[in-house]
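There are two complexes below, and they share chain A, which is joined by chain B in the first and by chain C in the second.
The block that comes next holds the complex of A and B.
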């Protein structure tokens, strides 16, 4: 089955200079843009509410830009001023744009209806952010409460059905909005690192790395090579752990007890390895600005090297068990299909996007940590149904194992942290956006700093996009497949709580 | 009167003891697979766990309706016509097979009504769909039973066992045995003996109807499975016939637990079949045609032998 997926051909990523795009845009929309500059990896455009329409038109319809994926909307407040930040991405041209708009307090209370209306003309998923309580109550006849969905206890699902076939589906995430935007206020940076990993408890290392990398970018700090390798090692271990957990969840829903238990055992093996490295299993609090908390000894590397072949063998066995069973294939095939265009429109990322046939991975497409040192492929599938989403995760596990074996063989010597005194640091007034490839997709953090204060910190996980998309793909599916389709999207509840 | 009460007590005790052992074996297998841990007796593979679970269910709020009472009544009344051993039967009659099967169908229909006590329409539709599919699985079972009745020319379960003193019916009716066994396994899959999904959707697993009603439902599921295994033993595997010097009761117990454990292992090794299209396909494209073919062949032999005296 794996050989069917063509993972041998790989075109090099499109190299894009964000500054150049910024200059071009500034030239085209001279008076309509307040300010435009590069913030970390992304292009930040400050614009007034009136000129938003023309900017969006230019971004979407200009053939050189093609910014056709909507990512997220978030609001924040800095000294009595309210701001709205819109995140848009072009997967084809490999860059993303942040649009910053100043709004009044009254508009914020009304849910920024004008801006959402303008956005809605260009991007369909924005309708999710409208006030839909009336629409939901009128159109839905069955309400599935959050506690009923296995492992996805962060949203209610309203559906209308016709003879067991879902006609309309509405996701209601009101119960998840428990975290205010000021959770970071009054926290020290080290406390924040410990806190941030709770946003993604399925793979806790990624938010930490994202936050620390953003600060390193602000400080223009170069991390030692050994620390980078340790980070990559942990990234891949957590990726395997997350994917194996995903497979166990799928098996649980399919009622496949044997594969369920076997995959949980493998997850336990990976978590034990993580525990030997970090001292903790789920939320490690291991990454520091400038490096990592502690060094890895030779014994740990030896134990990882010893368990790699066992992991490979056992996961292959689980894959064989699942693929050989025609009942499982019958159940997973042609369910919850995500087409290429719809995947791009809704801005999903990670394995879900790759299962639809679009090869996009930050590890290859952007200079993320030091992944350029290793040889690995980014697997893709074609149809984008539930079976493809399972198979692609198996392939990614094998690629991760390949990367880990290369990391262990090339492990460099040297310092594991560049120590800096954070107590007297003063930043310039700056904004930075940093994204990483976490197991669910594109995890982003946007920070604005001024002197020693963090003015704003916005966390954007990939799961919210998958959740918005689920409204579309649940249609014309059977009632009994709802849980399976939602689980196959690998939604992490913590990320939805943060939005 | 005292004699009847004594019999009822014996039957009740045997059923409860077997229920406890079956639940214990099921838990043990689950624990073995899931690598559960806990206190020695109360942990999932401990001997006291079924009792602990019973109290756990009992401690919750319960909503009992009239159907719960009927389920409880029917799941034990079902055994009134089934002889557990040669002498241990409550009511002896010539058409005990017919009565037993009628009670069994009645129990499934009552389970259907019971599913309406939920306030969630999704769960009701799911549960009712499951019960209707259960009823459709009765068609191959009934075809197989009629074939056996044609062979042994009786409706009494006792006489069916006695007619197998030379050869078990499995030799004459291998196709019937296979269809009966597969339909039994699929019914067990639908009812969910070891999984948490019991007659409710996977959307609302185990959260609906905790309390006394749930215990009664669980008992009824076990009763259906035990009943079908006993009927399978009686019809095809010689019931309580002695094997050389080994007593019939022991032989029956061994056969019963062998089939039960086999079913449990199959339950673990095969994923839940919730795709109703697939279930209907298995039933209408495999089980019913095969059992119908078996029935027609048996009928042909019956007519040729008894009407025209050809064989």
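The block that comes next holds the complex of A and C.
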């Protein structure tokens, strides 16, 4: 009942069949496309370098497709062949496209720059991937090194100013490029699961679930219901921990020590619950292909049930402390505003997108784990300033608590893992892309497998899009607000190291 | 360690790893590292102890060494977490420790991936001779 009313007020994205879009595109662009098929959740289009322009034009300008959000670009190598993969999304039509282009080894650099130039005609954020060292040195006069401010965790910031007002801002992520191109080669799948949680260390369970779900999709394995519920429980606990940490960071920058220490206390309470379930606080290594590592006992469920009302009460208290203080509100209001259109262009997702007034959440819009069993709302805000980004996270925490209480009450019995022998498995040569709604936004993994080898593994976190957008929204703001705006975007360093 | 530094330790945390989150968790009301006179600073000139953790590339290592040079003596280095202790997780710039060891002396190692906040507090107390 409540859901129906809510859906009428805030219309959800359309439900689109990806196969149908594929057939339509194949019909329109006939000879220009090499191959088109559904890879996991996304539509994968193989195209030559020459025909890329026409494909992009069709994708962006066709009113039925409206693929207007740029997500990421990545390169990989399979036995002397180089590939470039572009990820584009349509938040309005609720589907995303992967474009795969083969580049010969000799003209790798030139080919990449050519493709980026073509992409740049349609999508503005692509300019971030160009060589900008000359542009940065000419146009900026102040360089802020990474970790000298709280908001700058993993990148350098070059700015040019005019009387305390930022005129131009350029982000430089050279320092955080620490991941090798082929770190996943020669690794066992279990090792890979342990590694992958370092890609988002503010909420380590999400990369693990994303990777395991992708493999489950490849194997066409159905996970037991109890395992799915345990996964959802951990997802929501990590979401709360991440959002409370975010609020503590904001309070730290504002110099609001009372709310800072109170929110860190609540985070410890959540981390303690996570520790009783997984045995680890930050990097759980708990999800397995086909289920989870350990079962949850009745005692743990009881302890979670007991601490839910305490968490609710205490976080409400922190919210009240922050909202009641007009100084905090004045400081956060009308700073770093992200409009609807710019948010869509730059492809940000998660709470940052919802704060700008666009309702998009994978938990509701796609059949992701088993979230359709529960009733919850996706909170949205209107303005998209720093205050909205703080308030929306408070609302999400309360929705997460609501989901957890429903999970606990409905907890099904049965097996917690479907055991399979991974040593004997041979995959067909397939590609799969899987996305998940992590606390920062849309976390995606793209895998290509052949027999028992992983040919390519591309991890794409949502923080990189927020980082590219920060260049735009820092303009015309004051110098002292830089720290606050960057922190309010909730950029996770773990996601940046993989780009 | 001089008694003046012992009663007012300023710590600078450098690096991109997940240990940073656990180190800053000690600032919270539950662990409250500040009752031992320990503060976290973000300028090299004010720091007594440099904490290195997480992943570094070549540019990162030169920057850490630069920070260490700017610190005023007496100064110490603590290495935290498996990334620094064994080898870099993602193996791009592996054997970071041997590269650093050639140039600076590391005073204490804290194992774990990531180490718990209690481990960090214990290490700091042991380092300042108050365990």
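By definition in this document, the second predicted complex is superposed on the first by the 479 of 499 C-alpha atoms of A that agree within 3 Å, B and C clash if a C-alpha of one lies under 4 Å from a C-alpha of the other, contacts with A are read in each partner's own complex, and residues count from 1 in each chain.
Definition applied: contacts are C-beta pairs under 8 Å (C-beta built on N, C-alpha and C of every residue); 3 or more make two chains touch, one makes a residue touch a chain.
Only a predicted model underlies this, so the values are computations on that prediction, with no experimental measurement involved.
In the superposition on chain A, contact of A:482 is made with chain B only, not with chain C. Between chain B and chain C, C contacts the larger number of chain A residues. When the shared chain is aligned, no partner comes close enough to touch A:334: not chain B, not chain C. Look at A:267: by the touch rule set out above, it reaches chain C but stays clear of chain B.
In the superposed pair of complexes, A:452 makes contact with neither chain B nor chain C. Looking at the shared chain after the overlay, A:164 reaches chain B, while chain C stays out of its contact range. After overlaying the two complexes on the shared chain, residue contacts for A:297 are found with neither chain B nor chain C.
When the two structures are aligned on the shared chain, A:110 is found in touch with neither chain B nor chain C. When both complexes are overlaid on chain A, the residue A:148 reaches chain B and chain C alike. In the overlay built on the shared chain, the residue A:325 is in contact with chain B alone; chain C does not reach it. Annotation: chain A residues 147-150, 261, 264-265 touch chain B in one complex and chain C in the other. Those residues of chain B that touch chain A in the shared complex are 30, 33-35, 120-122, 125-126, 129, 195, 197, 201-205, 207, 267-276, 278. Those residues of chain C that touch chain A in the complex are listed here as 13-14, 16-18, 20-22, 25, 27-30, 42-43, 55-57, 59-60, 63, 88-93, 113-114, 116.
On the chain A side of its complex with chain C, the touching residues are 145, 147-150, 153-154, 174-180, 183, 195, 198, 201-202, 204, 245, 248, 261-262, 264-265, 267-268, 281-283, 493-494, 497.
Residues of chain A that touch chain B in their complex: 141-142, 144, 147-150, 164, 251, 253-258, 261, 264-265, 325, 327-328, 330-331, 479-480, 482-483.
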